[in-house]
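As written, the chains take the letters A, B and C, and residue 1 is the first residue of each chain.
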Amino acid sequence: MIRKHRSRAAKAAFAISLGVAIVIGLFAAVFARPAQSAGTKVVIGTKNFPEEFILGQLYKQALEAKGFSVGYKENIGSTELIQTSLTSGKINFYPEYTGVIVQDVFHHTSSGKTAHATWLLAKKLEAAKGYTVLNATPFFDTDVVAVTNATAKKYGLKSIADLKKVGSFKFGGFPECKTRNTCFIGYTKQYGITKATFTPLAGISAYAALDAGNILAADVFSTDPPLGKGSKYTVLADPKHVTGFQNVAPIVKASVATSLGSKFTSTVNAVSAKLTQNAIVAMNKAVIVDKQSAAKVASAFLKANGLK
Amino acid sequence: MLADTATMHTFVDAARFIGNHTGLLATKTLEQLALSGAALGIALAIALPLGVVLGHFHRGSTIAIAASIVGRGLPSLVLIAAFLTVLGIGFVNNMVALAVLGSGPLLTNSYDGVERVDRDAVEAARGMGMTGWQVLRSVELPLAIPLIFTGIRVAAVTIVATAPIAAIAGGGGLGDIIVNQASYRLSGVLGASICVMLLSALVFAGLAGVQIAMTPRGVRRTSVIGEPQRREL
Amino acid sequence: MSVIAAGPVIPTFGKGSSCVTGDHTFCWDWVRAHWGDTLGPALWQHVELTAIAVVIGFAIAFPLALLAHRYRRLEQPFGIFSALLYTVPSLALFQLLVPFTGLTWTTVEIALVSYTLVILFPNIVQGLESAPDDVIEAARGMGLTRLQVLTRVELPLAVPAIIGGLRIAVVSTVAIATIAAFLLPTGLGYPIFLALKEPTPFKTEIYSAGALAVALAIGCDGLLVVLRRVLVPWASKGLA
């Protein structure tokens, strides 16, 4: 009797385990990463902050709506990391800031004299390496230095140069800021600030760190919602324009742009043309403050403007 | 794609990073040990006595089981993120999160250790006229040491090895380098990762050694390592 | 560089409820609204990550365990190796694999499979060895071949331990997979990482993704307990 139960149980055990394994295996196989299809595929990458997610989604969805095959790798990292992705071929398209191209990718100490000049210079520099820089957006998003309103009042801070009054303090920013001409290096060298210690912020936001008092000043971005109306933070003036001109222009591998032709470039440029300061600020707010998903916000914007 | 010269180069770079930045790595290691030590201390102070007492009175097995399940099923990232929202950024929130993490195996193992002591031995001791406290101290605890210590070891290794993730929430330590690839390049990330591995292994080996030394000779078994109780970081 | 053309139409994107903008502790409306675009897909990816890791881990551990059971020499070295692998923080292991296999699912899965492997192997071996010697003697005495002893005696008796191992493996993998989001924008860890980056960390996203991860772990654990009860009704005790 017991033997009968045991052998039945054994068979049942086998059968069920095998069955479950097959089901899960099939499952996994069906949903496994599809192999790269032949033909030119646009592989879009984005950096690691919401504005880039929005831009990535905008370009991705607009291209898909026009029938292009698009891969998407979100949140790759900052400039240095995403540049590696681009040059190693893992992606062939990503939205970059013109000043960043000139000052951080090519290490010039300053951008061009105007936004347009910066864009032209970026285009020229990248073309020499085999990358096309498409049209720039009307909006720009530069790094800015912010302190809490209380700090600004306490030390009488109006411009970045005033930070010299503070003595030694902690300056927070995304990690690469430390080595950038458009960021920490620019601020300290150009304004003669010698006593600032750089604190890299990897996971948490600079605003959270400012609020917690972990840092005194931070490098943030001009289109961030916390800097909007009625802000708790004071943006310090940058008269020497250390942070450069920072309109967004997509970098695309030249061979990909050529093979996909003018339909590709005009689709991308059409999207860029619509991205005014108001538009991007509204979209940032929707994603960061109202917690909408970047994909949905991009979709709504494209639809409203006949690009999808 | 697999080990080619570029990959090997990266590891050589990582070794070079370790060589060039010993000061930084040492500071970060100490930071991590401080955070881990504090967290372990709290866990030891709360979970260990609780488990021992519950085991002695053979009560609260549900609590012990729940602790084990919660300890296993709670991803450290979730714990750290949740405590960040409540306690802010910095040392305290991470210390608390890691203490909670370490308490799971500690509670379960101290409870099991004491609860499973051979009832005959306990009966005999009582028969000899020992009070409950004396029984606990002279009979149950010595016999429970292997399991309790395994619990301490699992808790310690788990805490030390989870601490890198706390860097995201301002916890400092070697994690600061690992999550900051942009600043330290891949060579730095790999270098710090190797250091973290070595640190965990050292803590593991060190505590295993102490455990073997502390276990009363009569109770020592051949293998102290035992099976992995739970694992996640 | 353009734009003398008409400005764009900026649609309303749906204002976040006061709960969201005021950063209250938990906003059900956000969860409901974003199940489809954020939480649901993340959960699905997480299930995928875990399932693949556990299935592959089992597929490797099972034959290895049968081998170790047959040739006892393999056990000790493996025990030490697995204890050491256990001390490696998952984040570090992921990063160490990146130079070899890049930022891909492969990297993540190799790490996850390693962890499930070291959990499943000892548990399966222990299960196979749990058959009492006299029962095996009796079976051999009745004329059963070695294979029959394995399939009719040892394996059925091993089922509780195997399922015990699967439970630990699944629960651990669900937890480690949250860290994978550091490398790839996938799984339930990703919403948490993103929420942490916000100017004020977004509580609801953290709590909801976290709760889903915990629920997934506990749910799978429960399912496996049910499976065990179905397969081996006589083995109802055991903390495993």
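As a convention for this text, a contact is a pair of C-beta atoms (placed from the backbone, for glycine too) under 8 Å apart; a residue touches a chain by one contact, two chains touch by 3 or more.
Treat the numbers as computed from the prediction; the structure is a model and nothing was measured.
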| item | value |
| --- | --- |
| Contact graph of the chains (line, ring, star, complete, other) | complete |
| Chain pair, B-C or A-B, that carries the greater number of C-beta contacts | B-C |
| Gap in Å, rounded to a whole number, between the CA centres of subunit C and subunit A | 30 |
| Gap in Å, rounded to a whole number, between the CA centres of subunit C and subunit B | 20 |
| Separation of subunit A from subunit B, taking each centre as the mean of its C-alpha atoms, in whole Å | 37 |
| Subunit B: positions in contact with at least two other chains | 84, 168-169, 179 |
| Shared interface positions of subunit C, touching two or more other chains | 102, 193, 196, 201 |
| Residues of subunit A engaged with two or more neighbouring chains | 203-204, 208 |
| Complex interface listing, subunit C residues touching subunit A | 1-3, 5, 7-11, 13-16, 20-21, 30, 34, 37-38, 48, 51-52, 54-55, 58-59, 102-105, 151-153, 155-156, 159, 185, 190, 193-194, 196-202, 204-205, 227, 230-232 |
| Subunit A-touching residues of subunit B, taken from the complex the two chains share | 84, 88-90, 167-170, 176, 179-183 |
| Contact footprint of subunit C on subunit A as seen in their complex | 6-7, 9-10, 12-14, 16, 21, 24-25, 27-28, 31, 33, 49, 73-76, 90, 115-116, 119, 135-136, 138, 203-208, 211, 224-226, 247, 269, 272-276, 278-279, 282-283, 286, 288-293, 295-297, 300-301, 303-305 |
| Residue ranges of subunit C in contact with subunit B within the complex | 79-80, 82-84, 86-93, 95-96, 98-102, 115, 118-119, 122-123, 126, 168, 171-176, 178-179, 181-182, 189, 192-193, 195-196, 201, 203, 206-207, 209-210, 213-214, 217-218, 221, 239 |
| Subunit A residues touching subunit B - in the complex, by the definition given at the top | 77-78, 80-81, 174-176, 178-179, 200, 202-204, 208-209, 212, 214 |
